[in-house]
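Here come two complexes built around chain A, the first alongside chain B, the second alongside chain C.
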Partner chain A sequence: MSTMTAQTTQVYSIFIRATPEQIWDAITKPEFTAKYFYGSLVEITDDAWVGRFADGSVGVTGRMIEHEPPHRLVHGWRALYDPDTANEDESRVTWEIEGQDGGYSKLTVVHDRLERSPKTAESVAGGWSYVLSGLKTLLETGRPLAG
Partner chain B sequence: MVHSVDDDRVFKALADPTRRLLLDRLFERDGRTLTELESELEMTRFGVMKHLRVLEDSGLVATRRQGREKLHFLNPVPIRLIHDRWIDKYTERHVSALADLKTQLEETA
Partner chain C sequence: MSTTTAQTTQVYQVYIRATPEEIWDAITTPEFTARYFHGARITVTRDHYGSRSPDGEVWGDAKTFEWDPPRRLSHGWRSMYDDEMAREEESRVTWEIEPQGNGTTLLTVVHDRLEGAPKTAASVSGRGWMGVLSALKTLLETGEALPL
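The block that comes next holds the complex of A and B.
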């Protein structure tokens, strides 16, 4: 991998053969997120987004900023899974879901406000592609990504 | 099948040195305007625009509006999908071929 400083605004987008509602469920319900989000069980409340590991420990948490099903979810991101990233400022994750022609939807994830969280920026840089690829496979085939 | 059409676009987009150079520039620093990208290439603005359009259509470049500016970001997800679809498949086969060889050799030993 490169030794470049990770980007402070990261944009990831993917076309998925699913409705915006199906994608919304897949990103907000723990029974789905467990299958592609590093085993994390995501819980959403009025004021927080929490990703727990199977043992119940919190991997990532953040404030709930915007919650507009099924098109837009914005929340804070503090990665507690590593002591180095846990001490950094909260960054921000925006999920945008747009319906497209032919039964497809476009999902865009923007992870920004990473200026004061360089270790978090580096930590998530490869992870989002893996997560979104797994989400697409799950929604289109009903199976988690192999391997 | 739309999936294979998507793959075609990505492979075609990658099959050009200028477009690979643009991706490398965005990898170094993301969120750049056309003007910034143009200043680093010996090519007309129109030429750079054309290449960026191909990259955007393939999904390899995502754009965001910020005020009056259009910023270009490297979107690594299509490359990840190709990795999962193509690279994993063949490396897995390679590994399983070695595993078969081991079983065979050990059985005959």
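The block that comes next holds the complex of A and C.
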């Protein structure tokens, strides 16, 4: 959000012409996430949220905290893709999906509990807008944002 | 941004599959803005920012501060569509348009100088700017309006 200091609670929202169920699938299934989440294959289980790169290495992982399809997903976030961020405390990501009248939905991502993870806070500050923009393009046009 | 207190400097970003020129036209010409900006017909020139309702009422009337097509535009903002907000101090909106080199462009909206306009700050922070930017992206990528 702020271009100077990364905030410890970051809120991003976007409106997408899609149903909550379509958005839920797009954020929880690897065949979708590979097309907009920096190539990551996201898998969720009862216990964990895991984002793997194409080579199988784990980029981000965290505990599963809440799982209420198709409206709410809350999980921990440890960014293993960088040694500096990997050593920081786990932060938290909340996805909220709200259907709206008119055939579209509001998707909000809150990334918080970043007080003890300043490098992670800085790393994701530019990234979430890119991820949500790519997700919207994929769902509305059937194609990835870039390429 | 924050869901509790509206900030006096608000930053919104969206990546759009479009050229800087296409985005510039979409934010400065009324035929485009009418399709994604709550129906507002907005005309921006080097000197002036004007917004009118579909019925021709004045919704915005301010100076243009910076005019650098197709990269940067900054203008004053008073929410004249609401009596209470219209009495608040003028704030500022800056649009930055940055090509990413892969067919996409990053559009950043900074709405600042909101210290003297708390109702306006609250109004534009919720659905406000992200609704507008979401609809702009849909229009440029699909040719269709998002029915916000």
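Methods note: the second predicted complex is superposed on the first by the 143 of 147 C-alpha atoms of A that agree within 3 Å, B and C clash if a C-alpha of one lies under 4 Å from a C-alpha of the other, contacts with A are read in each partner's own complex, and residues count from 1 in each chain.
Here, a residue touches a chain if its C-beta (ideal position, glycine included) is under 8 Å from a C-beta of that chain, and two chains touch if they have at least 3 such contacts.
Bear in mind that the values here come from a model prediction, so they are computed numbers and not experimental data.
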Combined model on chain A where chain B meets chain C, clash or fit: clash
A:105 touches, of chain B and chain C: first, second, both or neither? neither
First, second, both or neither for A:61, with chain B first and chain C second: neither
Which of chain B and chain C A:33 touches, first, second, both or neither: neither
Touched partner set for A:141, first chain B, second chain C, both or neither: second
Contacts of A:85 with chain B and chain C, given as first, second, both or neither: neither
Contacts of A:16 with chain B and chain C, given as first, second, both or neither: second
Intersection of the chain A residues that touch chain B with those that touch chain C: 2, 9, 11, 13-15, 17, 102, 104, 129-130, 133, 136-137, 145-147
Chain C contact footprint on chain A (complex, rising order): 1-3, 9, 11, 13-17, 100, 102-104, 106, 126, 129-130, 133-134, 136-137, 140-141, 145-147
Contact set on chain B toward chain A in their complex: 2, 6, 27-31, 59, 62, 64, 73, 75-81, 84, 88, 92
Chain B-touching residues of chain A, taken from the complex the two chains share: 2, 4, 7, 9-15, 17, 102, 104, 108, 110, 128-130, 132-133, 136-137, 145-147
Contact set on chain C toward chain A in their complex: 1-3, 9, 11, 13-17, 100, 102-104, 127, 130-131, 134-135, 137-138, 141-142, 146-148
